[in-house]
Structure formats: C-alpha cells, structure tokens
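Here is the structure we will look at, set down as structure tokens.
Order of writing sets the chain letters: A, B, C, D, E and F. Residues in each chain are counted from 1.
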Amino acid sequence: MASRLVNWFKFSSPATFFPLARKIGVVSTVIAVALIAVGLYMSFFVAPTDYKQGEGYRIIFVHVPASWMSMFIYVVMAGWAALGLIFNTRLSMMMAQALAPTGAMFAFLSLWTGSFWGKPMWGAWWVWDARITSELILLFLYLGYMALRSAIDDPRRADRASAILLLVGVVNVPIIYYSVQWWNTLHQGSTIRLNEESTMDDTMLIAMLIMTLGFWAYSIAVAMSRLRTLILERERSANWVRELASRGG
Amino acid sequence: MSTGSTDPALRIDALSCVRGDRMLFRDLDFDLDAGELLHLKGENGSGKTTLLRALAGLLLPESGEIRWRGADIRRLREEYSRHLLYLGHLNGIKGDLTAVENLRITAVLDGFRLTESRAWEVLGKIGLRGHEDLPSKHLSQGQKRRVALARLLVNRASLWILDEPFTALDVAAVQLLQEVIRRHVDNGGLAVVTTHQAVAMIGEQTRSITLGSRA
Amino acid sequence: MAEFFHMGGYALYVWGSFGVTALLMIAEPLILRSRARQVRRRLARMARLEQEVTQ
Amino acid sequence: MMEPLFWIVRRDLTIALRRRSDIFTTLVFFVIVVSLFPLGIGPEPDTLRLIAPGIVWVGALLASMLALEQIFSADHRDGTLEQMLLTPQPVALLVTGKVLAHWLVSGVPLVLISPILGLQYDLSFDALLTLIVSLLLGTPALSLIGAIGAGLTLGLRSGGVLLALLVLPLYIPVLIFGAGAVEATVSGLGGRSHLMMLGAILLGSMVLAPLATAAALRVAED
Amino acid sequence: MMEPLFWIVRRDLTIALRRRSDIFTTLVFFVIVVSLFPLGIGPEPDTLRLIAPGIVWVGALLASMLALEQIFSADHRDGTLEQMLLTPQPVALLVTGKVLAHWLVSGVPLVLISPILGLQYDLSFDALLTLIVSLLLGTPALSLIGAIGAGLTLGLRSGGVLLALLVLPLYIPVLIFGAGAVEATVSGLGGRSHLMMLGAILLGSMVLAPLATAAALRVAED
Amino acid sequence: MSTGSTDPALRIDALSCVRGDRMLFRDLDFDLDAGELLHLKGENGSGKTTLLRALAGLLLPESGEIRWRGADIRRLREEYSRHLLYLGHLNGIKGDLTAVENLRITAVLDGFRLTESRAWEVLGKIGLRGHEDLPSKHLSQGQKRRVALARLLVNRASLWILDEPFTALDVAAVQLLQEVIRRHVDNGGLAVVTTHQAVAMIGEQTRSITLGSRA
C-alpha cells in the first residue's frame, strides 16, 4: 500500500511525467486521427439521410461530441483541481490548466455548430433554449477560469485561486443546469424543442460514438502537448530542464 | 524532526523561498528561543520581507519547514496566530476609524478586550495625545505608524515579527520603540526585526542574520 | 461529387459546422507546436547565456 | 466565538455609516439602472409589465455585485486583511461577519425600495410581496456567492470586470428563481416553489461560501 | 504637444496588453450582462426582439462605466497621478491620452462584438449596422463623460457606486439617442437623425470633458 | 511683494496651513536661493508633508504666498512644474511597468527624452542591476523607492522637494542619495528635504527649519 502511494507520488513530479506525457500524447494522436477519419467517413457515407431534416442533420456528428466533451472536460478539470489542493501537487494543477483551452474550444464549437443547425431547422441563429443557455454559461465558466489565471502573475498563486474557482463552479454546474431547465420549461411557449430522437438509426449512433471517442483522444493528445510546454515554462530553473535545454536546443 | 521537550520556540529548517525566477534564499536554518532577538539584515531586495511573511505563515515557502514549539505552523494555524504579532510594511489600520477604535478592534480580534480608557492611555503613551479620535486617514505618516505600533504595548503575543518598524518615526518615537522591544525580550519574548536604520539594538541576547546579496 | 458538396441544400450549414470544427481542431495543435518551439528556443538561449557566464 | 463576529459587523457598519454615501449609492445605482430601461426600450406599459420582474432582478443583481467589489479591497490595501488572517479567529467566521455587514448596508435598503420600483412597472400587490420576499432570500445569497469572487480577484488590477465575469454565471440560478417567483405570481401560478428553491440556495451558500472565500483570501495574501 | 499624448496612450496600452485579460473581460462582461436579461425575462423571441436595442445599449453603458472606474484610481494610489499633475504638460492633454487609451482597450472590442449579440436577439442586418455605428459614436462619448465622474470620485472608498450615481444621468442622452437610432431602424424610420445627435454629443464632450476632468483631478489631489 | 531682480529663487511669505481644525503652522516666512539646501525638521505630525505639498502646488494653503523667481506659483502652473521635482511618501511608479519603462515615461512627461540604454545605465547606477525589466510591483520596498529616486539622476529640474527620501533604503543607497543631493546643491540647485533619520546633510549651504510641535 505504502509503496504504491510512493509510486503515484513519483509520477506526480513534473520531471518524471514529462517523458511519459510525450508517450501518451503520441499514442492518443494516432488513435484520434484514426477514429476521426473513420467517424467522418461514417458520418458522410454510411449514415443514411434523415427523412425529416435531410442532409442538414449531419451536423450532429460534430455537434454532439463537442457538447459532451465540453461538459466532461470541465468536470475532469475540477477533479484535478481538487487533487491539487489536497496533495499540493503542481502537476495536477497544470493538468487542469492544460485542459481549459480545449474545453473552451469545444464549448464554443457546440454553440457554433448548434447555431448552424438552428438556422435551417428553426429559422433563427439563436433561441433561448435551456440546453443552449446552459452551454453558453459553461463557456463563461471556462473563460472565467482562464481570465483569472491570466490575471495572476505568480503561477503558484494562480494555481490555487483558479482551483478554488473550479471547485465552486463544479458545485454550481448542476444547480445552474437544473435551474435553467426549470426556467425554460416553465414559460417556454414556443414549439421549438431539441428533437429527442429515440428512434435514432444504429449507424448514426455508432458514428456519433466513434466521433466522440475520437474527440476524446484528441483532447488527451492536445492536453499532453500543452502540458509539456507548461512544464518546461514553469520548471525552467530546475536542473533537468536546464540539462534538457542545453542538450536539445 | 525531533519533537522532544528541548525544542526551541521557533525552529527554521532548510527553508527556501522563490519569487518569480529568483531563489531568494536556500536552505536557511536557525533557531530562536525565548528571550532572544533576531536582527535580520540584508540589502534592499535580499528577501527580508519574504522571510518574515513566511515566518508569519502568510506565504507558502518553496520548501522547508517552520516549527513553533515543535509543530509545523501550517498545521497549527490559528493556534500559532495566538502567539504571533506581525507588523509589515503596511500599517493595518482603517483610515475611517479613529486610533482608539482601531486599537480596540485589533485587540478583540487578537482575543482579548481592551477598555476604552485603557486604549486612550496607551495611545497617549505612544505620543498620539490629542489625535486619539481623529479618523486615522488624516494622521501623518509617522502618526499612522504609531497607531499600528500601539498594539505592541497591549499585546500578549510572545513572538513579534516586525518589518521595518522604525520607518517614518521621529527620534523620540524610535527611542520609545527600542525600549519596548528590549523590555519584551527581557521578559522572555521573542522578536524578529528588520531595519536599515542605524538603530542600536543592543543587549547580549541580540543575534543577527544577514541574507545574502541578490542571487 | 457536386451533389455531395451541395448537401441537399444545407451546404452552408453543414460545411460551416464541419469546416469551423476542422479549422479549430487543426489550428490548436499547430499553435501549440509553435509555442512549444518558442519555449524550447528560449530555454536553449537561457542555457547558452548561463554557460557563457560560468565560463 | 460570537464576539469577534459581532465586532467585525460593528466595525464595518461604523465605517459604512461614517461615510453615509455607501448605503445611499448602492440604492441609487439600483434605482437608476431599473429606470434606465424604459428610456432604452420605450414606454409601452404592456411590454414593461412583461419585463418588470426580470429587470428589477437584474438591477438588484448588478447593484449587489458592484457594491461587493469593495468588500475586501480596502482591507487588503491598508493591511487590515493580512492582520485578520493572522488572528486566532477562524477566517471563515470573520468573512461571515464582513458579508453580513455588507448585506445590511447594501442589500437591505435595496429590498426596502424594491416595491416602489415595482409600482413604477405597474405590478400587482401580490407580485410586489413576492418581489420583496424573493429579494430578501436572494440578496444575501448574492452577497455570499459574490464574496468568493471578490476574494479571488483581490489585488488584481482588472478587479471589477473580472469579478463580474467570475460571479455573474454563478448568480444565474438566483436570478432565475428570483425573477421566476415574481413572474409565477403575476401569471397566477404562485411563486412558492421558486421561493423554496431560493431558500435552499441561501442555506447552501451560507455553509459553503465563507469557506471558499476564506481559502481565496489566504491565496490572495500569499 | 503630441508627444506626451502619444506616450501616455502607449503607456496605458502597454499596461493593458501586459494583462491581456483586461480587454477580454470588459467584453465578456458585456456579453454576460446582455445574456442575463433573457434569463430574467423569459425566452419569447418576440418580446426579446422588442427590447433588444435597449438591452444592448444599457449593457454597453454599464460595461463602459465599470471599466472606467479603474481609469485613474490605480494612478492615484501609486502616486503617478500626482506626478502627472506636476509635469509641465497641460493636464487636459494627459487626460485625453488616458481616455483614448481606455476607449481603445474597452470600447472598441465592445463595438466589434455587438453584432453577434444583436444576432442572439434576432435583429435584422440594417439594425445591426445601425447598432455598430451608434456604438462607434456613443462609446467614446461615454468614456469621455465617465472620466469626469471617475475624477470626481477619486480616492473615495465607495468609488464604484458613487461614480455610477454621478455619471449615469449624464449617460442618459447617449443612451436615448443610441438605442433610439437602432429602434428607429427596426421600425423602418431610419436612424440618421439620432446618429447625428450622437455625433454632436461626441464632439461636445471631446472639447469639454478633458477640461472638466483635469479640474476634478486637481481637486482630488488637494 | 517686491518683484525686483534680486528675488530669491523661492520665497515663502506669511504661509499658513490648516488641516481640519488644526492650524499646522502660521505665518511661515523663508527664502531659499540657488545652491541652498533646506532641511525641514519636526516631529511626526508637525506639518512637514503639508508644507512640502503646498510648496509643490498640490495643496492650497490657507493664506500666504509662495513665489518662484518673483511670481506666484498658482499663476505659473506648468511653467513652475518645469523647474520642479517633487517626491512624496508615494513612489509614483506603475507596478505593471518595468523600472526602465517607468523611468522613460516620467522623463517624457517631464519634457525630455531618455534613450533606453541611458535608462539602463542610470538604473544600474542606483543599484537595480538585474531588476531593470521586472514589473516593478514585484520589487522590494527599497527597490521601488530606488526606481522613484532614479529620476534624480536624470532630471533637469532646479528645485527638488523630497519628502523622506531615505525611507526603506539600505545603507549603501542612503549614501548614494546623500551624494546625489549634495552634488545637485553644489551645482546651483535648490533642495527642500525632510528626514527623521540621522543622516548627515552636511555642507555650509545647509539650512534648517523646525516646524513647531503640535499646536
């Protein structure tokens, strides 16, 4: 038990994780490229045309994975932040920091693709639907995290302050989600609704899942690459980084 | 790591502090015992303030430990605060409150009560007679510093951490303050003090540490 | 082929979505790579400077 | 335990009363913001009645947030905050005291004036009553949540706007249930369930927010 | 004559760019405030379209006012403001520089993002165009007028809210003509005359506001 | 009231200053001429800062006149500012700008240009080598003061008004600053300085005025 703990803490050191991050990054890049390629092929050539929405529905194959990833990444970030606050490990804070821009990007993509779907389906670029609104708020939470980090110069202080924000945020996300739901259903008069397709075609579902897994692998790959840069920047006065720098150039 | 009964009151162990890229000091060790005064020296920017803030527990050091009577101060928290009086570059007084009010509220937060008349008395002693009930924002630089220092006359903390306490004070006040610190140490208190002024901090109990020049 | 790109009249929307998604997901790794290069170059420069000083 | 809390409240109230403008200005900000909308939107009474709950609530939210910005910054600047962190009192307790004083000074006057603003928008008696109750439950929650943001942005240059960015998303449930309660009353559904949600949010934030704020303040003084 | 102006602008832009979040946050504040209203009011597109010009303009006004609060306070606190008053340069000139830098940082991004917010409220192309032009004329006027208030409230503890109180009434004409221009376009009347009034206000404040602000600053430093 | 050609550079005439209810000084008269240094003394709260701010034109005195080369400074305004360098309790530097940037922008506002390399040189001279391009908010108390004082090395003003310039400085910096002030005065400049520290401001040109104790 004790030795396993020690092992974990060994990997929580940036120096030991640095080469490992590269390996994880390479593997997940390969997986991401493969899955997204297959997913795109299925989205356009295997999945049948929707009888109601025609070809327009194909947006779903980027829209839904992006939406899911944006929500998932925020929770993961909060998890890292909690670890970082409890064990005072820099690496987990950097993990959270490395994920944030990707999460924000997916939140933005969810909004963007949603709008590009909404225009032909509903005739408006934007409606104040519950899910849409809470996605927008999620984007604000990401931006708030990044803005707070960039407003604090000392990285160790930024770590702890932004971790507190993440934890407060993650407590609030479900509250926000349900309150928005309630707000919307209580006085939503119009007929506009996201269509809950229970009768989704199997190939559609599979394509969507494959795309989601691809996005997932992509997130890991990008986060690892960003993490490596962050480690180098933050640990630049550490001996191993200096050696690396004078060797590698 | 020893937690025996012979622990010094304050033990600093392999302490290192980093600000930005700069390692201000590395592996600093020293002990301070009851009845000792530590005069911390060093040129501008050598890390005195940083060290004092770490000692007070306001700042997380990069590595190393600070122990109060054998226990890590990060663990003790409020328990440590009970024994501590820290006075930094800032005075820590509210400009909208009078000197009397400032002194009394600090006392309550430090965990004891101070009657109004006692507060007036102490402020008179420190040379603020006639200014006790002026909002402190109107006071002069040196008078504000005196309000902050008035805490020293009523406090029961055993460890005093004073960062440049003599700035802005005139000659009479400097003398008074020296006297107060000496008395505290003679009565078995501990003090860590920085000052650039050529102030005599005499007494056989005075030790001094000089922080290295900029790394 | 043209029909494929026409997307049954939804070309703007479908390609607008997929296009921007692809754009961002390609741009992000590229930006990251250039930043990583910058950082490494800066570190190397710092290392060289240090060697000069110690020599 | 309670004595330091009491003294902190007393201290902050003294300071606020000594510069009476503090109370006065939050209030006037609220009144002005709420009154700006008819100017921007136009005077049709039907439209106005429709949007009244939302506008009053958004106004309250902005006023409370604006006033909150100052809650720790003066203490930070003059060093009293670092002294507070060094007292033997639990920091979360001191934070609670400061937030309470702040709410008494900025929240309560806002609750008291709200019926008058509601009248401007032609709300019914029932709706006015719900408005008051919802503000009474909602504004302390706003203060508590906002204090976390104020702690996190302490000492940062772009404080005001950054605070808004951090805090406004967290305010949204309070806004929805607060404005929702009034709207439900207007449309005859009754606002009880909304009010109960507001109460739950208030209780939750009373427990959690001071802890988070205390942690944020420790970071800010590092 | 122009060199100090240029340097002041450059100085303030450097400071703002060094903490990029400054630009970014004013913007996000604007976006958030504008998005709060539907949450308070409800999602019906017809109501929303009706109140859109008013809401976007009130949002711009609040964002600009909030950002303005910081324009002199940092300089006052660290003593650079008293040094500026002691330079051989005319103070009104230095004020103009500071306001210009401030507008470039906080006003311009706001103008640029406004069409997207307009889209959220389903405004037409013409209305969006008018919105941009009206903000382009209106926001610098807001900055100039707001600077007077910032100068007057300098160094007072409750700066933020007091500032709001002093400045909002002066903002009202800008709001009326700004939102009015968009509304007139929406209703097919065309917003030209409103825009011309906005231009006139801008010119007037360019001449008068720096002088008033300079005088206010001298008083604040006494 | 005489405006002849024998006017002293700075003439103070029946100057009185009031703060709140308190008359700080009444009917103060003195002249200061080129090559003279005035050491303003007085205990905490005696009105030194108030007098210096009045001399700089930042504060309107209750009554009396301050004349620069025969003309009232209230009239001269920017013309007077050209000859003046005031350094108060606050440092007047921006925390977000580096020392170099701070120095250069002050120079421009003072009406002359300072090249980047010259700024580096001056900052090196005042003991900030290695800290020239750090945002100044990260500097230590004494280092910030040094950035503010660096102006003295490049400025062309003839009248220096320095309020407690020695606070927070270490011994080396105090010596340097004394030297700089002495040279300024020797070259025909004027200086008004307050300090509580026992700093030797020697020279036959030194005069001193002591403000009365609290009224």
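Throughout what follows, a contact is a pair of C-beta atoms (placed from the backbone, for glycine too) under 8 Å apart; a residue touches a chain by one contact, two chains touch by 3 or more.
It should be emphasised that the depicted structure is a prediction, and the values quoted were computed from it without experimental measurement.
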>> Please report the minimal path length, in steps, between chain D and chain F on the chain touch graph.
In response: 2
> Which pairing of chains accounts for the highest number of C-beta contacts?
Replying inline: D-E
>> For chain B versus chain F, which are copies of one sequence, does the interface use mostly the same residue numbers on each side, meaning over half shared, or is it different?
In response: same
>> Can you tell me which chain lies farthest from chain A, using the average of the Cα atoms as each chain's centre?
In response: F
> So how far apart, in whole Å, are chain A and chain E when each is placed at the average of its C-alpha atoms?
Replying inline: 35
> For chain C and chain D, what's the span in angstrom between their mean Cα positions?
Replying inline: 43
> What positions in chain C touch 2 or more of the other chains?
Replying inline: none
> Of all residues in chain E, which are in touch with two or more distinct other chains?
Replying inline: 15, 19, 21, 25, 28, 32, 39, 42, 74, 77, 157
>> Counting only residues that touch at least two other chains, what does the list for chain F look like?
In response: 89, 96, 135, 138
> What residues of chain D sit close enough to touch chain E in their complex?
Replying inline: 19, 21-22, 25-26, 28-29, 32-33, 36-37, 39-42, 47, 50-51, 53-55, 57-58, 61-63, 66-67, 69-70, 74, 77, 157-162, 164-165, 168-169, 172, 175-176, 179, 183
>> Give the list of chain A residues in touch with chain B in this complex.
In response: 154, 156, 236-237
>> Give the list of chain A residues in touch with chain D in this complex.
In response: 137, 140-141, 143-144, 147-148, 151-152, 154, 156-157, 160-161, 164-165, 167-169, 171-172, 175-176, 179-180, 182-183, 186-187
> Which positions of chain A touch chain C when the two form their complex?
Replying inline: 44, 49, 54-56, 58-59, 62-63, 66, 101-102, 105, 108-109, 112-113, 116-117, 119-120, 218, 221-222, 225-226, 228-229, 232-233, 236, 241-242, 244-246, 248-249
> What residues on chain F touch chain B, complex-wise?
Replying inline: 19-20, 42-49, 89, 127, 130-131, 134, 138-143, 145-146, 164, 167-174, 196-198, 214
